[in-house]
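Next, two complexes with subunit A in common: one pairs it with subunit B, the other with subunit C.
Up next, the complex of A and B:
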């Protein structure tokens, strides 16, 4: 007896194979996202346009400006003569920050225990402003220490060392998150469409009059996508590793294992959505709302979970991407082993199995469902 | 239910289906004998499709009793599914699969073993004259061929009873004729045929007919009996005669 599930599997593979455009999108779309994130959209900030208003014009102030120029974090775009020039400069977006060096800068630097310069920021882009401010702060701390020749010793000094991503490269940090989001999107959308499409075209009705069981339909339909999603994940991983140099410090086998578990959870979510929706449109919409948004916003991909309102923090516990993100960053950037990362795996397994079980249970092989 | 007699392929008593407050099928009773061609005649919305769907286990009846091949349509729907073939009103095969792949799939979901399946496919392809189309994508077939393929898929697992819901909608007269020839052949081979239609000429091909109107069966008998009873030359006239006063 040939298992009925094999018939469904074969048919589903043919569907995938006969639809090269969807296949192309499944593989090209992630690459494009990574290219975009890798090259164009970066959270690193370089060459911040900076204007200088030097009211001191002393050797010390000139030295300070020179040092600023030689760092590639800043680009001196204007030398202002007057405070009144600041506002028009911001309005014309000639600079996003102004460093004001007071008239007695040199004198105070050598005689007083403390010196200050003023930094005026364009807060219209709060994110850039924050980052620029932090760069400048640490830059000034270092430079003034050099300038005052040890006169001004800071009692408590911070010597930052950033582990796992010493250059704070945002591609390293973004790619694991991107893998999480892309996998979720592909898995959930593809599977949610596969059942609702058949509901719409009426082929599901034809299947329902056969003795096939819900579990055979669902597993038969999902399994091919596990393979597809897995190949896709490998392609994304390889691409980001070889093109963008994103490290895989831990075990590749472990990462692959985590990926499979995550794919399983994502596909289950897709099946769950499609077992609850009637039309392809509704399924697609639900998949977008139910997977893409939470994965981007609530997974810790961009916005740290720790700084979210308490209620949202609770919500993040049911976002599968959050768990995979912990694992992917752990293995790829930190080289962490399984003993530190088994809990997310356990959760994803429970999550996936629960959704799958509910979908199979609720999936009736009749038109009443 | 008065009997478990196997001479009846379908036995229905007071079967009713309500969708909310709308009564789609209203206390109908009838039986279908083994091996006969039983026609369900009625306008759109008369309740034909709902009746077929209840018999196939696709929707749950609201009340009444029914048996298909001796199995209860409330409690044994899954067992019934092994014995029946069904062709829905809407063409519902996969456009992106070839003729052969569609056949293999529909045989497969009935759990047919590979060897038996390939023999059955071979036989049905010969019988339905699909040989020249086997490797073609279903999408590219003309409507008449698609219909033939749908019928092929429905009979592949050799069901005892075949439910056909308006099988010839949108098909040219020549193809319709060929289709009915195939139906007759199946019936001669012992398959019970339960067919709905609103083509009056097709009604004449049936052994017995039931005319449905607004959820009720308003007449039942062989085409001959009906024409005699209502003193009309054709089934079409019988139908119009019966439905008109009901509407007025």
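Up next, the complex of A and C:
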């Protein structure tokens, strides 16, 4: 039995080696992503382009504008003369918001009980518009409190203490997700592609008529990818730890154990997909829909599950990456132990075993039929 | 020309024969728009929260009431002992712990500063930031209302002067994030499908050995290329139409601009993506390689396009790099045209840049591919 498995193993290793491109990408891709997240990508919104339509032109209005731009939330990109300039300004993307200071602003501010300024937002980018609006509102509240010092309440100060990721670095959040996605890609996508390639080029039948049992074929084809996924995960961990200071606060041994469980679940998914598809192209699409997209979108990798609609939240319960992410983040960022993380482990084991059983059965019928 | 048509027919027959492919062609765009639409354009909501009220006054209860009645937070737990709130974060049951300090009401009444302590699970920096912003907004609104009700008398006596905003939002009055994100998803879909399909389609023929048969057939190389490329372009446009139609029906996204202009600009954009796919196929031997390389390129094209992460906030060097990304221009075109109804005179610069990219990439990849065929 042993030499037969070794033969399949050898053959698969040769396949992988023959294709240095894919190998290179598997290792280069996560590193580039970490670099990108570490250096280029931020969710912060700063320097929102703002236009001023000052119909008052008084010291008071100038002071207001100056105070507004002293923070780095806004930068003034245009000074408009009248309201007709607003629409072309939005369409040519010269600004995202306009602050309209009414005539008589100066006088009203000290004589009337209430003075209004107008904010006109380009709502196309809802995110930026929301942040700009919130900031402008709170700016005006603060200005009001300052204007009436000693008469109104003092602001409520918020004292946030950030745990696990005190500098709010997105790299720390993304690295466990990258490991989850990469392992899923190698274990589920590559294995399903390699099996369906054999089928497409007709070599699978040759293997089937040879005296190897289906289980041996599967193990032999799958083992090299386990090794590859594991090496890749270690490379990502090392790179992100030493270059970007991503912590591993808990036990490394526990993390490795979780990786092995996750590899098992992803492999089963890959084998399951290949047992149901005929061509590489179909396997590719199925793998994308069944493994890659859910791992990116529905795992909590960057998009929080709590914000999703109920139906999608249910779907996330069958996404293996979700469970691995809870485990990996728990160990790496929170530093908690197995007593907090046994449930996802149990689930991944059940998930993997079920899928594997179904697909091995399917392969057997294929072989006999 | 007849020979080109034959190749095109062959491609369509191949697609029709493959049952899985046929289903996927219809399902992929709809599932992507459907799922991505919800996932990407959902605002940060229902952040699991635990509250520890050490004040227990009508003020602190009023604040808790406000924190509980917002969609942004989901106040699931009330903890009496301050020392235990951290446990909720460790166990992953809550992402935010709010501690209302003792003496809060007294401080507010005597105009003393008061501090509200927040414990935040910072792993997801974006959600943490947004949730913090919302909590700050809720507290601020509480304060403003309090000021208003308490100073009603003072207001009349003209001792107090309030400065208030009047907000007008154009184009997207309800600030629906989906209106902004879903046009981006349509662009991503078009880019992904055309690049992947053209990258893998040609390699597939080589891998299963039918490319040689085609090469010895009485057909010129450029005819073969055109015949292979046109179905990919048509497929891409079909998928795009399907995606836009579905997005319009399901998410009610606005399409204010001229769709004819959009089709024209899309076709220009397709030269870039099809060229890219062709280039990838010229460099790969197996479909797996082609797929890997395409994904590798696509992810960067996606992340550096302004689709998810605003370009203006990237460091200078990264911003310059995005100018080399054709998807950056097409994302902008799509959003401006769909949401704001921008016309050619607002978008011609982007259109010209896309023409240039398309011509360069397409010519280069065709030359490269023909060399490869020989």
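Convention: the second predicted complex is superposed on the first by the 245 of 369 C-alpha atoms of A that agree within 3 Å, B and C clash if a C-alpha of one lies under 4 Å from a C-alpha of the other, contacts with A are read in each partner's own complex, and residues count from 1 in each chain.
Here is the rule we use: contacts are C-beta pairs under 8 Å (C-beta built on N, C-alpha and C of every residue); 3 or more make two chains touch, one makes a residue touch a chain.
Model, not experiment: these values are computed from the prediction.
J.: Classify the contacts of A:234 with the two partner chains as first (subunit B alone), second (subunit C alone), both, or neither.
T.: neither
J.: Report for A:357: first if it touches subunit B alone, second if subunit C alone, otherwise both or neither.
T.: A:357 sits against neither subunit B nor subunit C.
J.: Just checking: does A:326 make contact with subunit B only, subunit C only, both, or neither of them? Give me first, second, both or neither.
T.: In the superposition, A:326 contacts subunit C only.
J.: Return first, second, both or neither, reflecting whether A:39 touches subunit B, subunit C, both chains, or no partner chain.
T.: The second partner, subunit C, only.
J.: For A:211, decide between first (touching subunit B), second (touching subunit C), both and neither.
T.: After superposition on chain A, A:211 lies in contact with subunit B alone.
J.: Between subunit B and subunit C, whom does A:6 touch in the aligned arrangement: first, second, both, or neither?
T.: first
J.: In the three-chain superposition, say which chain, subunit B or subunit C, touches more residues of subunit A.
T.: C
J.: Given the touch rule stated above, what does A:349 touch, subunit B (first), subunit C (second), both, or neither?
T.: neither
J.: On the A-aligned overlay, A:201 touches which partner chain: subunit B = first, subunit C = second, or both, or neither?
T.: both
J.: Look at A:253 in the shared chain and tell me whether it touches subunit B only, subunit C only, both, or neither; answer first, second, both or neither.
T.: neither
J.: Which parts of subunit A are in contact with subunit B and also with subunit C?
T.: In subunit A, positions 19, 201 sit in both the subunit B and subunit C interfaces.
J.: Which part of subunit C faces subunit A closely enough to touch in the complex?
T.: The contact residues of subunit C facing subunit A are 18, 20-21, 24, 27-28, 31-32, 35-36, 38-40, 42-48, 74, 86, 89-92, 95, 108, 111-129, 132-133, 135-137, 139-140, 142-144, 146-147, 150-151, 154-156, 158-173, 175-177, 179-180, 200, 204, 207-208, 283-289, 291-293, 295-296, 299-300, 303-304, 309-310, 312-315, 318, 335-336, 339-340, 342, 346.
J.: In their complex, what parts of subunit B are in touch with subunit A?
T.: Counting only subunit B, the residues touching subunit A are 53, 56-60, 77-78, 81-82, 84, 86, 88, 90-94, 96-97, 101, 104-114, 117, 153.
J.: In the complex formed with subunit C, which residues of subunit A make contact?
T.: For subunit A paired with subunit C, touching residues are 19, 21-22, 25-26, 28-29, 32-33, 36, 39-47, 90-93, 109-131, 133-134, 136-138, 140-141, 143-145, 147-148, 150-166, 168-170, 172-173, 190, 193-194, 197, 200-201, 277-282, 284-286, 289, 293, 297-298, 302-304, 306-309, 312, 326, 329-330, 333-334, 336, 340.
J.: So in the complex, which bits of subunit A are touching subunit B?
T.: Contact set of subunit A toward subunit B: 1-4, 6-8, 10-11, 14-15, 18-19, 201-203, 205-212, 365-368.
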